[in-house]
Amino acid sequence: MDAESLRTLLTDVREGRLDVGTALDRLRDLPFEDIGDAKIDHHRTLRTGMPEVIFAQGKTAQQVVDAFSALAARGPVVMATRADRQAYEAVRAVQPEAIYYERARIIALGSMAASGDGYVAVATGGTADLPVAEEACVTLELLGHRVERLFDVGVAGIHRLLAQRQALSAAAVVIVVAGMEGALASVVSGLVACPLVAVPTSVGYGANFDGLAPLLSMLNSCAPGVAVVNIDNGFGAAAFAHLVLLRVNQRPHERE
Amino acid sequence: MDAESLRTLLTDVREGRLDVGTALDRLRDLPFEDIGDAKIDHHRTLRTGMPEVIFAQGKTAQQVVDAFSALAARGPVVMATRADRQAYEAVRAVQPEAIYYERARIIALGSMAASGDGYVAVATGGTADLPVAEEACVTLELLGHRVERLFDVGVAGIHRLLAQRQALSAAAVVIVVAGMEGALASVVSGLVACPLVAVPTSVGYGANFDGLAPLLSMLNSCAPGVAVVNIDNGFGAAAFAHLVLLRVNQRPHERE
Amino acid sequence: MDAESLRTLLTDVREGRLDVGTALDRLRDLPFEDIGDAKIDHHRTLRTGMPEVIFAQGKTAQQVVDAFSALAARGPVVMATRADRQAYEAVRAVQPEAIYYERARIIALGSMAASGDGYVAVATGGTADLPVAEEACVTLELLGHRVERLFDVGVAGIHRLLAQRQALSAAAVVIVVAGMEGALASVVSGLVACPLVAVPTSVGYGANFDGLAPLLSMLNSCAPGVAVVNIDNGFGAAAFAHLVLLRVNQRPHERE
Amino acid sequence: MDAESLRTLLTDVREGRLDVGTALDRLRDLPFEDIGDAKIDHHRTLRTGMPEVIFAQGKTAQQVVDAFSALAARGPVVMATRADRQAYEAVRAVQPEAIYYERARIIALGSMAASGDGYVAVATGGTADLPVAEEACVTLELLGHRVERLFDVGVAGIHRLLAQRQALSAAAVVIVVAGMEGALASVVSGLVACPLVAVPTSVGYGANFDGLAPLLSMLNSCAPGVAVVNIDNGFGAAAFAHLVLLRVNQRPHERE
Amino acid sequence: MDAESLRTLLTDVREGRLDVGTALDRLRDLPFEDIGDAKIDHHRTLRTGMPEVIFAQGKTAQQVVDAFSALAARGPVVMATRADRQAYEAVRAVQPEAIYYERARIIALGSMAASGDGYVAVATGGTADLPVAEEACVTLELLGHRVERLFDVGVAGIHRLLAQRQALSAAAVVIVVAGMEGALASVVSGLVACPLVAVPTSVGYGANFDGLAPLLSMLNSCAPGVAVVNIDNGFGAAAFAHLVLLRVNQRPHERE
Amino acid sequence: MDAESLRTLLTDVREGRLDVGTALDRLRDLPFEDIGDAKIDHHRTLRTGMPEVIFAQGKTAQQVVDAFSALAARGPVVMATRADRQAYEAVRAVQPEAIYYERARIIALGSMAASGDGYVAVATGGTADLPVAEEACVTLELLGHRVERLFDVGVAGIHRLLAQRQALSAAAVVIVVAGMEGALASVVSGLVACPLVAVPTSVGYGANFDGLAPLLSMLNSCAPGVAVVNIDNGFGAAAFAHLVLLRVNQRPHERE
Amino acid sequence: MDAESLRTLLTDVREGRLDVGTALDRLRDLPFEDIGDAKIDHHRTLRTGMPEVIFAQGKTAQQVVDAFSALAARGPVVMATRADRQAYEAVRAVQPEAIYYERARIIALGSMAASGDGYVAVATGGTADLPVAEEACVTLELLGHRVERLFDVGVAGIHRLLAQRQALSAAAVVIVVAGMEGALASVVSGLVACPLVAVPTSVGYGANFDGLAPLLSMLNSCAPGVAVVNIDNGFGAAAFAHLVLLRVNQRPHERE
Amino acid sequence: MDAESLRTLLTDVREGRLDVGTALDRLRDLPFEDIGDAKIDHHRTLRTGMPEVIFAQGKTAQQVVDAFSALAARGPVVMATRADRQAYEAVRAVQPEAIYYERARIIALGSMAASGDGYVAVATGGTADLPVAEEACVTLELLGHRVERLFDVGVAGIHRLLAQRQALSAAAVVIVVAGMEGALASVVSGLVACPLVAVPTSVGYGANFDGLAPLLSMLNSCAPGVAVVNIDNGFGAAAFAHLVLLRVNQRPHERE
């Protein structure tokens, strides 16, 4: 309830169109209505374009279908991450236009309009990091952003990475997805002048401890300008990059 | 140096406009010059305005002085972080204009010109998080950015935080500095639509494990759009925010 | 055996009604008889109303049936927690009145009479925390308490939580069930003036480390008045709240 | 602003005593004013009697003095925990009535009136746990509660503990403070029918890992009815027990 | 090569039956021959009566059969621990007298003669610890020792444990098997005056971390006289107790 | 109070030598007196010869003096472990006969009579393990046992260890004290047929993690017959060995 | 491309011997050509003989086949490690000469010519370490090296190890593969004068923590000359040993 | 006792100069005498040139002096690592020729003759890693090897590292010393074809956990050919490299 609605309500009371009891009822929950569930969420969604997202892992196919259908009525984009093909088949039965991005493990319906011209470079250390990287890439694309995939540029063959310097330098945001020792984030960070979001993956074994090694590695990066999300959280990195791009792509006069 | 410049150079050589020695000089370091130490660093510094920074912790006062003097000759801003007053006194003896930001534990000389109008909101959970928060604030201010300090808005008194929603919403980037359980990052993240950089601090005791508790808490934030830097790394958060702001403040025609 | 019985025994010895050997026999085990198995347990069960409980996880259906039948003979309520449907089917074959609370994974027979009017508010961060929360809710209901379910009020959408302040404030005890980063406990704790029992759940992935993140988060809560039980231990939180309610619901003259 | 005030405001608008603009101004900040800083805190303090508390560890004597003086103006009780004698001397210089509880490491000024007749039994495993236990005891006493100290009743000499069964059984809440392996919590829990708050201490060495051993031990207690606070957090246990006692000591007609 | 063989060799040299070069060859490897594989092992087995043991976990049924048959030819007792029924069926096909101790998960053939009259008391915290406890009990029985089983005497019902004080006090060695928080070891240790071997089990969940909680608890036992073996290592505890009993049961004149 | 005393008491009552009131007084506390503090401890001390021990670390010199004096009145041996020279000087001022074992960091007064002829071999990996080893050796000697010191026989020079095989083999118990990687326990265990108590020490750096490395190493020993005590707990190992020796040195007819 | 070549090129351009287009081509990739993808890899492969290797774990049989076929066209040796029989059958269908080393879990095609006469001794603690050891052995053999297998020489039976001193001493490199407590590395290290690569394995249970115990043990080895690779990383140890052997087997005049 | 002594003994027996009994006595302990302390160590020292080394950390100046003097009598080189200046002054008082390498924290006396022409490249990530790197460099130089220092070539400025490719490629062994995230090891490993020994350092803070981050990073290196030593163990890396160089520098005909 914004200032205008409040003014209308008060004027209605003054002019007798609304009795005090009814006005009171409407106002009683104002402190919460104003920051109430639907409104804020709607505002936020409109402003950020962030679709409602279902974390499908650990849910039954039916639960995914139910959540998907509920959300499909509300917004322009619906996404379910960490979804397997079985969940997709169940969703498709009721939402025939839903698309399955197999490598990204994402079921999606709809997408945002293309945003401004800044793009996100997504680099990975090895091919095993691909599912996490694709989760980030597809999420960004569904949100209307352009993505440059720079896969398999691990530091053990530094020349492969250096060959991509141009694409890295011009990005608005860089996402580095790496398992094993996660050294890629530090090296890339030294090559670019834009914010770098690092995603440690659980790719590895033994003293990798399911992603602890690259997580610690990235948190300790000797290069400033690196921030880290949870292990395997490709979606989180994309959501973060999306928020940066929203600001970057804003026309100056749009800025608050 | 791109293909076109190379072609021009070679044509100049062929047509006698450039003698071989000069061309050789230009090309000699090409493999490395292009990615060479000084140049790249210079390029990067010019583009990003990131000053050379000395991590003073664990260094003697003399070592800080030496590093400080060496860098003072090179760029517009010199900073030493995690510096105590003793180091400052030593620096001031040779660099009388150096300033000491006591709470931030930063010695600085010079500062960048004011950047665009986006600002960074820095929120802390409690007063004990202040040194880390000030490290971030002062770093950003030295880099020419505007900072809004929202200190002591921990989640145990949620109303204090909600009272600052306006200041949080309008920020280009939000930095959340919190120890104990680090819950502030998640709550703030749900209130804003901009990127949020979370800094866990080592404030706490017992099962805090020197900052492990808020670190894990922030990495597991239930709100998308949160990225995390190392424990107590206020400087790192500022450096990251700075890179975001550089992109945000760029005029559209300046963008690559 | 209290002082009076002892006096009687000694008088019987003195007056020859009891020979020394028999008296000796009665006295020999005195230290243990008084704190003997059945007696204490019976007293405790009668006083607390806490049913005997079977932890079904890791037991075969037959083992659950055997334990269930053995306990059914003894008390007014029998419960098996962490039980799957298969175990329930086996129990029902011999205990037809047994009820299965599917979401809570509890098999139960009988229940306690309604206790006093204090109630427990059970809040969860997300829908994935529901099985643990229901384990707490159903346990409390079987013990005769009233429960207010406040599910899916995670801190990323703080308004949903604030909208429930009334229900939280009036509770005698609040149980907060949350995975991910577990920030909900701290925020709720700042809103209420009653004891808060926090239950970290293993909901999450990566640096969640199977519930370690919310566990540490809750132990480090910046708000006083929070105590924590084991990861996923909905039953433990309910048992604790039950003991608080027993004291709260006692009439003053009943108090020792 | 409660319903009555709102009704008055609306009636004033209707009857022309208040113009729409002014009414709008008053209502605009309603959502936050109602949950504004001072008001809520005051309400909470009044209702719970929980004094404002200063965590003195890591603060200079001057910082403790400043905080102490600021709070002394506001409420009936001021406490600084983890305070050394030097901080006390500094406080006493400006607050001559301040008292220093040396073993509890608490500086206090004022205390609450005696509450109802329920008391808290505080048991410790060994003498080294005493500072943490005293922190809990003194905090409770300052808040107006009666405390029964049952110190040095560790499980290696079980008879000492059993000799205190009477005092344990009659308590409204039991706090168990133990380092080393922390087994005391489980044993006591089996002897009482009231809520038990366990405080692991950092007493121990080697594989104790600064309190991790008793912390895990207490979280895994085989006896239901145990909840745990942070390592060495005697104050937190007292705050929790205080909230339980508030409910227990309420007269029935006072209960919401 | 024992003293006698050496003397013969030297005599042969002296009397010219063996030339120096050949004698030198025979002596060169003496240091290792004397401590060669078979001899030492045989000596050790004879002296200790410890059967050769197969750790069946992770081995195929065929691998267990092969190892079992190989060892059956060598000694009076053969044991395979952590063996499932399938492995047993395979063993029985070739070793019809082999016996399967289902709860202990041990396949055995033969047993040692009864040793002296000292016995081992094996106490457990709960029924879930039974497989580990039985592994210890059956191992000891196969080695000729008497075992007193004191199962399900966890500390949450301390009277059950105290009722067994007699049986505990008279034991030569006590083995305590406990999961959850492992407090039983400390309590029992305070009741007996013999060596106590503690076996943490992986029974528990959440912050139990697969046996880490009772392991740390037992290592930090506040009662002297407790030593600890690996998590779930019932066999190791039995082997240790066996070595103690060997010494205890030795007649004085047998002692070295 | 044993059966005989009870019979006497009852006979006295019967025969009028003791009135009922007095008998009642004596019996009233029987349940606890029998397991009461002083008595049981006395019984236990008499049977085991274990002196009362003060853990001096973290205590002031005055606290050590007070505890020492209190215990000196009670038993034949008093010990304070982890004591520095300053504490010793303070003790000597009031207990002139007290002796300081500097390397063992033990202050002692009195000692037990020599026990049977079994001895304990104490082996260390390196010279830095010496303080912990001496704590074990001196404790054993004060308890009347013979000790064989086999220091600096680390596995990196296996011949030094093998040269001590004779002394190891004949011991009743072996204590192995080792830091770094703690491999010594496994190697020694393969050489002896007696129980081996392993003491990890905090000697090392880096990935030693203050004794975690040898602790885990010893718990995972591939040789059966190894049990482990806490890091640096030389006293605990000695206490354990003492209990074994008590059983070993008992004459057969003394055994229960 | 050094200064001289550059000068020649430029002079050729100037004097018309080289047209601008061709010069451009040569220069275009200069920065990267020198460190370009193919070239470096080719150089490296040729110089080291290290085959391209597929890490088959976590890949489908089809993915292994595709990668295998792609690499088969490029080099003399193709290897897939951590491959199961199913993957092998799929590979064999298209690469009939591929061989499966079942215990090593390696699929291989081709092999290197025999290198110099230095050999690698591979020692294991127990039979369960065999798959990791064989991964190392087969890798080395495919690379043209001679391997001496010294299996099952764990430290609990030290004589078995000592009996192999000859074979250990003469090796150019020793690889020690051990799980449980990993003590073997330290003992072997004291017996040899060559570099020792230690491979911790995940063989063990409980406090082994999936290989953490031997990993820490090996990193803390009291014997200098030990370096460690990741848990279960038999291939990594072989790769390291291969690089040592390349240097050792080089003829002096081949050395740079 | 070497072959020659044995031959003499046997000849003496043959020729009657020694009776069988006496010869037997001398031979009896042969197994151990032959592998006795001094001899084997001497053999090993002669063969490897590894000086006896004192780990000075945690030792008093006097203890360092004593050990130093004892060793000075025995071999050509004596070293004390982790020694401070105070220890050096004490050593110099009795060993005037001893030299102190301040940055390396090494006191040394004497040095080995120059070995073959292979050299070791020692690279560091930052200046803070210098003490550990110098410990490695000085150790190698004292052992007669040539060292190439490539300091401050961290991955955040990859060009500095690439500029040193020539020096890295030609090394016989590379040692990489790095703290923070330790990424340098992986990057260097991809540039060279020789064995790489990685030394994690404790340089860093927060989630570095005193060197755990670079330790895990290096163990998980995505590049084969990396082996790791303990945190800050510059000496260990040098010892390992020394053993490699011994083999590399051997003339072919010297090889066993």
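Residue numbering begins at 1 within each chain, and the chains themselves are lettered A, B, C, D, E, F, G and H in the order written.
The rule is short, and it goes like this: a contact is a pair of C-beta atoms (placed from the backbone, for glycine too) under 8 Å apart; a residue touches a chain by one contact, two chains touch by 3 or more.
On a predicted model such as this, the values are computed, not experimentally measured, just so you know.
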Chains touching both chain C and chain G, listed by label: A, B, E, F
Whole-Å gap between the CA centroids of chain A and chain G: 40
Length of the line joining the C-alpha centres of chain E and chain F, rounded to whole Å: 24
Set of chain C residues in contact with two or more other chains: 31-32, 35, 157-158, 162, 206-208, 212, 215, 219-220, 230
Chain pairs that touch, as defined at the top of this document: A-B, A-C, A-D, A-G, A-H, B-C, B-D, B-G, B-H, C-D, C-E, C-F, D-E, D-F, E-F, E-G, E-H, F-G, F-H, G-H
Chain G residues touching chain E - in the complex, by the definition given at the top: 128, 157-160, 162-163, 165, 205-208
Chain A-facing residues of chain B, complex: 35, 44, 47-48, 50, 53, 117-118, 162, 169-170, 172-173, 193-195, 197, 215, 219-220, 224-230, 235-237, 239-240, 242-244, 246-248, 250-252, 255-256
Sites on chain G touched by chain A in the complex: 32, 35-37, 40-41, 55, 57-58, 200, 202, 210-212, 215, 230-233
For the chain H and chain E complex, residues of the former touching the latter: 3, 6-7, 10-11, 13-14, 16, 20, 23-24, 27-28, 30-32, 34-35
Parts of chain D lying in touch with chain E, wherever the complex brings them together: 125-126, 154-158, 162, 180-183, 186-187, 189-191, 204, 206-209, 212-214, 216-223
